[in-house]
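Shown next, in structure tokens, is the structure this report addresses.
When the chains are written out, they are named A, B, C and D in that same order, and each has its own residue count from 1.
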Amino acid sequence: MNEKRERALRLLRHMIGIRRFEEKCAELYSAGKIRGFLHLYIGEEAVAVGAMEALRPQDAIVATYREHGHALVRGVPATAIMAEMFGKAEGCSGGRGGSMHIFDASRRFYGGNAIVAGGMPLAVGLALADKLQNRHQVTACFFGDGATAEGEYHECANLAVLWKLPVLFLCENNRYAMGTAIDRYQGQTNLSVRARSYGMPGEQVDGMDVEAVATAVARVAAEAREGSGPAFLELLTYRFRAHSMYDPELYRSKAEVEQWKKRDPIPAFQALARGQGLLTDADTTAIEAAVQKEIDAAIAFAEAGTLEPIEHLTADVYTPARTA
Amino acid sequence: MTRDEIRQTVLHTLRTIAPEADPAEVQPDTALRVQLDIDSMDALNFFIRLHEKLGVEIPEADYPKLNTLNECVAYLAAKLG
Amino acid sequence: MPSLGADMEAGTLIEWLVKPGSRVKRGDIIAVVDTEKAAIDVEVWLDGVVERLLVEPGIRVPVGTVLAIIRADGAAPEPAAAASAVPPQPAVQVQPQAPVSSRPASPPPSFSAASEATGQDRHRASPLARRMAQDLGVDLSHVPGTGPGGTITHTDVEQAAARARMATAIPREAMGRLRVSPLARRLAKEQGVDLARVQATGREGAITAADVERAAAAPRPAPPAGLAAAPQRTFAPKTPQERSAAMRRAIAQAMTRSKREIPHYYLALEISLERTLKWLEAENSKRSIVDRLLYSVLLIKAVALAAREVPEMNGFWIDDGFKASEAVHVGMAISLRGGGLVAPALRFADRQPLAELMRQLRDLVARARANSLRSSEMSDPTLTVTNLGEQGVDTVFGIIFPPQVALVGFGRVSPRRTLQASVSADHRASDGHRGGLFLAAIDRRLQSPETL
Amino acid sequence: MSAQRTTYRECMRMALREAMQRDPRVFLMGEDVGMYGGSYAVSKGLLEEFGPERIRDTPLSESTFVGAGIGAAMGGMRPIVEIMTVNFSLLALDQIVNNAATLRHMSGGQFSIPIVIRMATGAGRQLAAQHSHSLEGWYAHIPGIKVLTPATLEDARGMLWTALEDPDPVLIFEHASLYNLEGEIDAAAGAVGIDKAIVRRPGKDVSLVTYGGTLHKCLQAAEQLAQAGVQAEVIDLRSLRPLDAETVLASVRKTHRAVVVDEGWRSGSLSAEIMARILETAFYDLDAPVERVCSAEVPIPYPQHLEQAATPQPPGIVAAVHRVMGRHV
């Protein structure tokens, strides 16, 4: 019994952790502490939390500029991510990448990427390397529905199927490519139908149901680990806030947003878990307190962070010559 | 560098300062200033050229340790490790 | 006013959705703001009650401006009457980092600000700067002050002097009109060749290095360059023996003419080098060997600066008249290996910083002592210095190199760290009184080495 | 050791075979590198020897197979990716610039990307504008990658292994006109250094600075100039990034004159960068303005007489040298 309770607590802890972290980011951005671009994951938490539940530490992750949630669940410390957005040297990318470029080599987290579909070929390559060195592990490549309009997506899908590479195409379909609704830029809006035409499994999953996501990803990951080649999952989800901080959201109605908020993955999972007798309200209160402490610590760590000295500007353009 | 290589470098540098100094005849243990016509400017140029060739820093306080050829070689050998 | 975008610097409040007394909770939209891109909702980040709205709709304010004051739940209410000493922390606004704007944080002290700051005394300058301005002939009113409150520091003066030097150093005739390749210009400067006299053969009428070499080799008309320029050479001495014999003849001729024609008077003064040498040791400890200074270069700079104060020491006696020289080129007597003497000039010695003088001196001495200094590489001094201290001589009473009118001699540094400075001067051009002032000026300079 | 008669193409193939034999992590990927034997026949025979897993023909998806190469390098392999020509590399620019060149610095030093990307380049075979580009100068503009231009048999034989051992991305540009270059090479010739220029012909009057496809045109021009009593020093840059400015400057300080020969278009070209470095540090050694010989600023035309007129040739190089020597030409 407690093994199932453990899992429920973990899933809820991750989802609430992301939600509060992203809310705090919005506040810090309007206070001028976080600069540049900021893309929040509020509403889509179930996808990252469900998917990570099914992946293993040795699997590789390639994500996009909306990657705070994936990084947090993968284990990248909130302190390192916050310091990165404050541009501090203690950030997870040395303060050089910011919100869109979170990297953690030790956790095989191959980053955010600001170029739509820019990371996809890397994921195919990482899977190629795994296959050539016959390591039974997978590469999970997260991307939005917008990326499926990029040439690279079509090239990657074909190559992955051609060479039967262990890469999972996890499409977070939140129905908008920035300001353009999917039916205004895709001839075929059911992305999994098109994916199947490349010769790989493709199916739609309720991206607001963390259990559904975890189950689906676990299945395709297991098959890929055994060499069946790539798979495509279309996770139907929705972002509750603007594409980024400078977006007046003229392209969708407030009513539509309210409609989707009724299917908020966090209260949905709380109700389910309470129904199964796994969690109580006290658990939620404890989680909220722990998350608040974690976020306050992250901000203090980021505030106390240092700026990289100008003299280090050119460090790491190239790998330092290994001394003999 | 070997001590002999250092000695050759010192003698070669000496010739650029005092062209008439024949390496064979330079007495290793008598003051260079005495044997050859070397004034303070020549000495400074001599030390600067040694610095440029061997990458060795020679503080003013060490000048007295470099009076003769052998002293120069010993001093430089110690510095070059 | 929240920062709502990467390039947003200000916003215009369109409307308030709340009024004083309204209850708000975290996430509520309390106002709408217009930016260059579009109207955007403004969120509040905590639960509380609106106390006061500080900005009227329609007003454009920079990012970070406080728009309203909200009392967080549980915080003490703002006293109704007088504004409290410390206004309650404006809940709406987390203290923002100063928005990074393209303009520098505070405008650099512009020239005008400097002069206003100094009020009626337009030349407020540090004593050292004032003294250096006088030495380097710098007009303080044209010098922007970068010191506290716009005062003029000695580095400001030094930079102003350097700028002036750049303008005057290049002979006027080479400005603008002549096309000269950089290499040709460098060689002309090194060999003291007057570019105006050079026949150009390069493309589009440019003077090339070869043109300068040719001009340098051609016999020089007047005035005879320092001692080293042998009399009209009928034959170029080839073997070393021929060369040293020719030089001996030239020295003999000049010395005889000097003794015959110039009524020398001789003065000497004992100068303490205690402060000079202490400064030099400290200075050298900071420098790498390549930039190390010798005390002789301090002596030369002191003589050059003193020569400016006593112009009768600096120039030529020609056609029964003294022609003062505006520039100060100090010749340095260098004894050649195996006999002979040359006295090439360090040009503009009074205006060169010590490091530059040392570099030129080291180069000239090195090449002279290695017998690789061609006569064409030597230019004409306006007075000469001879330092026989290393030879153990106490006092030098030298012979002036005609047509110059003064020769400064320096003896050895005594154990009490003093030395005998002497001047041999041409009585036709100056009297003993002026010679004495000259030696005193040299002494005064050596007592404040940091101004050299 | 015995010298053997061979070609630039065979030298590159020997380099590929040796790399594949020495390091199991090395594999070759590109369009028609396997079954077809390589569009310039460089990889002929390698598929039979090493098999389809390590000699991988790819679909025409430059962005993806270059990006996959980068990903595989991050995954522990040592890929050699062949883009048929620099003209097609434009489709992979985003992967090369935004991933390969940038990931290390932007991630705070967490990744090295040990990949070698080879591509043919240059004009001269009447392939018209879209197939005749010379864009090495573009890539030499980008911090985070290295750019090599082997122009001799020794460099074709020796640069690849050193490039593969480099932990950072290295691009190798092979001028299409060089594949048939014949000559002698020491049978035991092996890896060579990749960051220094080499003086291919000493001279005292003028420095001819060039690389890749125009090296042999400069050597021809130097031969003709020698008859006219002008000793031209020919410098082969070999690496465009890092640029060995020191060797160029040492030569210019000696000759006091320089002519830069670069097949790119002059505006914003590599020749502009080399001239800037000469002016920055050897200004007072110049006895005449630096000259350069570049392609005419036109899309390279198809007909041979126009293609020859549009690209640097020996007569144009000789004329530039006369101008810089001050002779009224």
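The rule is simple: a contact is a pair of C-beta atoms (placed from the backbone, for glycine too) under 8 Å apart; a residue touches a chain by one contact, two chains touch by 3 or more.
Source: prediction; values computed, not measured.
Undergrad: Centre-to-centre on C-alpha atoms, which chain is most distant from chain C?
TA: Centre of mass proxy via C-alpha means gives A as farthest from chain C.
Undergrad: What pair of chains is linked by the most C-beta contacts?
TA: Maximum number of inter-chain contact pairs occurs for A-D.
Undergrad: Which chain's mean C-alpha position is nearest the mean C-alpha position of the whole protein set?
TA: Of all chains shown, the one whose C-alpha centroid lies nearest the global centroid is D.
Undergrad: Please work out the Cα centroid separation of chain A and chain C, and write it as a whole number of Å.
TA: The mean C-alpha positions of chain A and chain C differ by 59 Å.
Undergrad: Can you work out the whole-Å distance between the CA centroids of chain A and chain B?
TA: Those two chain centres are 68 Å apart.
Undergrad: Between chain A and chain D, what is the separation of their C-alpha centroids in Å?
TA: Centres of chain A and chain D (C-alpha means) sit 41 Å apart.
Undergrad: When the C-alpha atoms of chain B and chain D are each averaged to a single point, how far apart are the two points in Å?
TA: From the centre of chain B to the centre of chain D is 47 Å.
Undergrad: Quick check: what residues of chain A touch more than one other chain, meaning two or more?
TA: Touching at least two other chains: none.
Undergrad: Hey, what residues on chain D touch two or more of the other chains?
TA: Counting only residues that touch two or more other chains, chain D contributes none.
Undergrad: Taking each residue of chain C in turn, which ones touch at least two of the other chains?
TA: none
Undergrad: Name the shape of the chain contact graph, picking from line, ring, star, complete and other.
TA: Drawn as a graph, the chains match no named shape, so other.
Undergrad: Which pairs of chains touch each other in this structure?
TA: A-C, A-D, B-C, C-D
Undergrad: Can you check the complex and tell me which residues of chain D touch chain A?
TA: 27, 53, 56, 58-59, 61, 63-77, 94-95, 98-99, 103-112, 143-144, 146, 167-168
Undergrad: For chain B, which residues are in contact with chain C within the complex?
TA: Listed in rising order, the residues are 16-20, 37, 39-42, 44-45, 47-48, 51-52, 57-60.
Undergrad: Inside the complex, what are the residues of chain C that reach chain A?
TA: 2-6, 8, 27, 35, 37-40, 42-43, 45, 63-64, 93-97, 99-100
Undergrad: Over in the complex, which chain A residues touch chain D? Could you list them?
TA: For this pair, the touching residues of chain A are 60, 91-97, 101, 103-105, 110-111, 113-115, 118, 120-130, 132-133, 151-152, 155-156, 158-159, 162-163, 314-319, 322.
Undergrad: Using the touch definition up top, name the residues of chain C that touch chain B in the complex.
TA: Against chain B, the touching part of chain C is residues 281, 284-285, 288-290, 292, 294, 296, 337-338, 361-362, 365-366, 369-371, 390.
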